[in-house]
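For reference, the structures are reproduced in the following blocks.
You will see chain A twice below: alongside chain B first, and alongside chain C after that.
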Partner chain A sequence: MLHEVGLDDIRPIAIGAGILGTGGGGNPYLGSLQLRNEIARRGPQKIINPMHLDDDTRIVIVGGIGAPTVSIEKLSEGTEMLRAMRRLEAHLGYPFDAVAIAEIGGSNSMHPMIAGLQAGLPTIDSDGMGRAFPEIQMSSFLFDGAVFAAPLAMVDAGDNAIVIPQAATNIWAERMARNIAVSMGARAGLAGFVMTGAQLKATGIHYTLTLAHRLGLRVIRAQRDRDDVPQVAAEMLSGRVVFRGKISDVERRTTKGFARGTVTVQSFVGDDELRIDFQNEFLIAYHNGSVVATVPDLICIVTDETGEPVSTEMLRYGVRVAVLTVPAPQKLKTEAALRFVGPRAFGYDVAFRPLPGESIGIEPPTLELQTNQ
Partner chain B sequence: MLHEVGLDDIRPIAIGAGILGTGGGGNPYLGSLQLRNEIARRGPQKIINPMHLDDDTRIVIVGGIGAPTVSIEKLSEGTEMLRAMRRLEAHLGYPFDAVAIAEIGGSNSMHPMIAGLQAGLPTIDSDGMGRAFPEIQMSSFLFDGAVFAAPLAMVDAGDNAIVIPQAATNIWAERMARNIAVSMGARAGLAGFVMTGAQLKATGIHYTLTLAHRLGLRVIRAQRDRDDVPQVAAEMLSGRVVFRGKISDVERRTTKGFARGTVTVQSFVGDDELRIDFQNEFLIAYHNGSVVATVPDLICIVTDETGEPVSTEMLRYGVRVAVLTVPAPQKLKTEAALRFVGPRAFGYDVAFRPLPGESIGIEPPTLELQTNQ
Partner chain C sequence: MRIGIDVGGTNTDAVLMDGTTVVSSTKTPTTPNVTDGITTALRGVIDESGIDVSAIDGVMIGTTHFTNAVVERKHLTETACIRLGLPATVCLPPMVDWPDELRDVIGGHYYLAHGGHEFDGREISAFDENEIRGIAQQIADKGIKAVAISSVFSPVNTVFEEQAAAIVQDVIPDASLTLSSSIGRIGLLERENAAIMNACLRELAIRTIEGFKSALETMNIDAPFYMSQNDGTLMNADFAKEYPVLTFASGPTNSMRGAAFLSGLKDAIVVDVGGTTTDIGVLQHGFPRVAALAVDIGGVRTNFRMPDTYSIGLGGGSIISTDPLQVGPQSVGYELTTKGRIFGGDVLTTTDIIVASGKEDIADQSKVADVAADLIAGVEDAIEEMVNIAVDRMKTSATPVPVIVVGGGSILIQRDVAGSSEMVKPDHYPVANAIGAAIAQVGGECDRIFSLAEMNRDEALEQAKAEASEKAVAAGADASSVEIVEVEEVPLAYLPGNATRIMVKAVGNLKEG
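Showing the complex of A and B:
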């Protein structure tokens, strides 16, 4: 398991979290620059094992909320997550002990380290999605009803701040937070999901920062060795490469605080077509019109030659890509979870048919087996 | 000046505030029912003279925010303003001493009395508009920059609550609060504009609750005496009846948290036409295409026979109406004020040409002269 994150770990994490982000989670390159800046100033960030947490450790989740398409145009100020944390601490009247990860995808894998460094707190190697999802209620931290998204705090790059002391449900929290993010220019820093160590141990998807790091290292090695990088990445995640081709169409709109649209990939030879709908993240893939994968299973796009992640906001005509499908972590596939992250939660009248194979996610035994990767 | 508001005062205030509300401020009938309920349970509400406030009295403003068209479909729970106040007190860490009025229009003239009764606090006979306006920054309390809309709190009829601890500007506060109101179903209770007695004395438009009450009493007397009620109301406000006719068209949409649209009135005889644009409140009136009045001057619609106020959400084809124009209070006509409440602030490329005549608003000397009304 990762025990700290230094400068050399940033690029592997950016690649790994970029792939796990299924198109979303915020632009990993921009997150990398911020994280690099903080580590250069303050030294490596301490990462702690979720299973070693005290039961009463006070934990906060931080992350960016908004549309990834906006994040590359409207840059962040750099202390959004810290300021959101401080607003929430002021509201609660006590300080936090550690920061956990909202989603391991994209730059949201890095914000908890950036905020941790700024606040002098460790980051916990656990997240609530094992990937990225577009909405707040889509988090394993919340599925069993003991942890709530609110109270939460949001800030923008300027002087605007909002606290939601109470929301009727987590879906209400999402609805309000999304409109607030829109008010803030479709981009804001969020701190919330206040929980104890005991609650995180029970609900988190653990060791996903380590997984992202390992995945990135494996991709970098495969790039150097001129291996089939997409294939190597898929294997490491127990997934497979379902399609290779050229992006032939991108229909995209930034609406109601999300980047929504459809990307079409044409096979290099023949008339095969893969079409993927997205809402910040890739949600459903159709191969010549038939569903081949849906949320919560992961649909990841990487560049065909180098296996670098291609996120929603970077999709463009002509890019040669490989599409990976990867079975989701078990915690996203329970009945309770599927109500929030299954295809019907996104408006698709399709049953969830889990991809075959073992779920991603590394638990301590697996970790030990993989230490020589 | 009014010293308390009992059951018999409700109907006069509803009429007066309905007229002063220039179409907005929330449905006065529904506000009346709530106020009646509270007074019946708890006794009359104490009204205090703004000029008698101690300089360090801690004052809060409460009011409904949203679209009037929604308020008559989605009824309130009844304690929205009190709960918003309590959220704000919890955020600030101290209790308030008195409640002032955001806007004297419609039901927002009554909410500060309802909340005052529920909290055991007096209501101050002063508001920030001397009428109603659709947006937060359009308040005399804010024009000189010493009082801010945020921190503010908002709640809905259910369990959702939001605090805005800080906004970059009052226009940012409006932008965020409006989107939050939309999230809450285009209707929410708001508490904010925290200020001291000294600040209220300097910035408020005083004795407008008394003015609304007097205006209502005068209308009721004119109704009983079968006088020309619209004419009587106009005279009392130093305004005039500019048009009489039948509503021939209403174009209306509830959008982005506002009721927006245009109402057209055809004269009873001849081809004259008066057209009025509204955004919750009536903003600009065109007589056969020429501007006859604009914000901040008041454009009021009343029923032609009985002089009862006709608000935005009650506009409908065939109603016989009289249209009044009334000069705005002085505090809305300064250069600083017009940046927020002049026609250009609403997107009309028209200079503000104040209506002739003395401004409404009653100050103590006038009050004494009018005590036998």
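Showing the complex of A and C:
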């Protein structure tokens, strides 16, 4: 289990979180550069086991909201998450004790550590998605109705800040926050989801920072040993490699604050085709027209040779990729969860047929990997 | 007839080609001033063939000179970068992910200014003329002439970069400017990195390309003169002076295409053994396999389209050290023919070992008669292991594949590579690079804004692809060989009618005859 994150841990986490990001969650490379600067300046970040939290610990989550295609152009000012947290503390009239992770996928895995370092608070090894999702209401913290997205605070790179004290539902919170994010240039820092230690223990998808770290270490080792890296990554996540080929088309549009589009992958030999729709994240994959995987199960694209994650903003004509499908964490598969993260929540009229297996959100075994580090 | 030249770190190679026939070829050491080496090489191929220089239709030069300058951190000009995007972008300033020593060599000067655009075309903050003028004055005070300018979302709207450039040029009339929007795509850091590298290479580029020109003049050649680009196509020499960064990785591209041409193989591993390094690449359907995503050049991340190659420090000039036994990565490079033992020097190199083993007969074999048999065996084993590991790294499956060996240091490869189905050392293998330059491809581009209110996206893409292909054919490409190599789409949400910028590049082989 991770107890702290130092300079050497950043790259493994970036790779692991990139794969778990299912194409979204922001570019982990940029997030990792910023985390590197913070750790170099302030030392390693303390990570705490969610099950060791006191029941009354006051917890906030932070993350970026917007379109990933924008995040690689309009780089951060750097204190967005911290400023959003401070706004929310001022609104509530009390300080937070710890920062949890909104989504483990992409650079949103980095922001809670960056904000934690800047604020002098630890980061909790737990998130609300076990992957990345495009919208606020798609969080395991919220599904049982005890925790709410609002009050939440948002800031941009400049002097704009806003607090949303209340939202009728979490979908309303998403609606309002999304419009504000668009006006802020499809990129903003967000703090919200205020909860207690007891609530986090019940609703979080635990040990996902440790999982991202281990997945990254495994990928790096497989690269060094010249193993079939996509296959190794799939096995570690109880998933499988469903397709390998070359990207033959990328259609994208940035609408309503999301990066939306479709990517088509053509097999190396023969006429097989895999088509994947995305809305920040990869949502549904069709193999020659028939559905092979849907949200909330994970659809991950990695480079065919090196197994490095390929996010939606990096999709590019001609890149050789492998496509992985990975079973979603149990907390995303309940009836309550599927109302928000099942295929119908994204407008696809298909039933969710869960992939077998489980790897995300379970207590990590004590690995020999740790002695090898 | 065409002349292809490859200016490497160690050797300058030239070939004279009549259509697909190699008429003559030569290999000569690269000289410190580059020009002399080229002149010697040109004289070599022209004298050997006895042709009249008026029969030459074009000269194509490929060079690793600019890549090497960045890798070796040599001959780089002190450069300033101005980035427009405040208050955004502060936490990752220009050159943030560069190796320290490279940043130090070019001074690490950067300035963050207001400006930049949002994804939808709004301004992040207003362009401030006085601010830019003040920055330009600071740059002028430091005596810096090379300036790179980047602005957030400049591929969507270039206006702020252009306005800033006009002000800098006004304050520093002899400044040489590189705008990020003229070089790269979406992805601020990678585009800016390319712009800064280009800016710090411009002075060297002007000197070098003028040197190439004077070599041609010395030989009374007045045929058009081109430089090869990273994607295997040609650009004219004056354009190359402005954009030296576009020559990056043209060396491996040329050697792989040369190897494909000489061997007739379309799917193979290419092992290009030079004087200092060996580059291993993969041919797929006759083209170099392209690297996925970001590529590091000298430790700097870029998003150019480049061949996927793996380099090891093994070449014909690699220095042998004993106790413990080590081959390379230090090399005598272009000084092999003076410093190598068989040439009368006192440095033991890999070439000396191969000659000492009796497998090749070059220069004076008696000068290495004293090399112990176990040292020879040890070096041969070390070379075999280095190459086997590197080739295996580039393979995608365990299936044996043909291995094509090219380059001036090819004599080092005396044993079959593990996992090879056959070993091919084609005719003219030492000059595969120069042949690759001579048969360089021609490209055509379409880069314009389509309104998707008037046609659907598929129609717009088809139109852009057809336009790019037509331009490639018009530039001399054989229509049957034209391939679309790049498609890039940038939605321009600020323009009415669902506007999108579509960039397509098509590339094809030069038509014979």
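The definition used in the following text is that the second predicted complex is superposed on the first by the 362 of 373 C-alpha atoms of A that agree within 3 Å, B and C clash if a C-alpha of one lies under 4 Å from a C-alpha of the other, contacts with A are read in each partner's own complex, and residues count from 1 in each chain.
What we mean here is this: contacts are C-beta pairs under 8 Å (C-beta built on N, C-alpha and C of every residue); 3 or more make two chains touch, one makes a residue touch a chain.
This one's a predicted model, so the numbers in the text were calculated from it and none came from an experiment.
Peer 1: Applying the touch criterion given at the start, work out whether A:E89 contacts chain B, chain C, both or neither, answering first, second, both or neither.
Peer 2: Neither: A:E89 stays clear of chain B and chain C.
Peer 1: Figure out whether A:E77 sits in contact with chain B (first) or chain C (second), or with both, or with neither.
Peer 2: In the superposition, A:E77 contacts chain C only.
Peer 1: Between chain B and chain C, pick out the one touching the greater number of residues of chain A.
Peer 2: The larger set of chain A residues in touch belongs to C.
Peer 1: On the A-aligned overlay, A:G158 touches which partner chain: chain B = first, chain C = second, or both, or neither?
Peer 2: Once the two structures are laid over each other on A, A:G158 reaches both partners.
Peer 1: Does the superposition put A:W172 against chain B (first), chain C (second), both, or neither?
Peer 2: first
Peer 1: Does chain B (first) or chain C (second) touch A:V319, or do both, or does neither?
Peer 2: second
Peer 1: Taking the superposition as given, does A:D277 touch the first partner, chain B, the second, chain C, both, or neither?
Peer 2: The answer is neither, since A:D277 touches no partner chain.
Peer 1: Once the structures are superposed on A, label A:D297 by its partner contacts, choosing first (chain B), second (chain C), both or neither.
Peer 2: neither
Peer 1: Which of the two partners, first being chain B and second being chain C, lies in contact with A:V310: first, second, both, or neither?
Peer 2: second
Peer 1: Which chain A residues are contacted by chain C in one complex and by chain B in the other?
Peer 2: Correct list for chain A: 158-159.
Peer 1: Which chain C residues qualify as touching chain A in the complex?
Peer 2: Interface residues on chain C, with respect to chain A: 85, 87-92, 96-97, 116, 118-120, 122, 124-125, 152-153, 186-189, 289-290, 292-294, 305, 308, 392-393, 396, 457, 484-489, 491, 493.
Peer 1: What residues on chain A touch chain C, complex-wise?
Peer 2: Interface residues on chain A, with respect to chain C: 29-30, 33-34, 37, 67, 69-70, 72-79, 157-159, 185-186, 226, 249-254, 303-306, 308, 310, 313-314, 316-321.
Peer 1: Which of the residues in chain B end up touching chain A in this complex?
Peer 2: Residue list for chain B touching chain A: 87, 90-91, 158-168, 172, 175-176, 178-180, 182-184.
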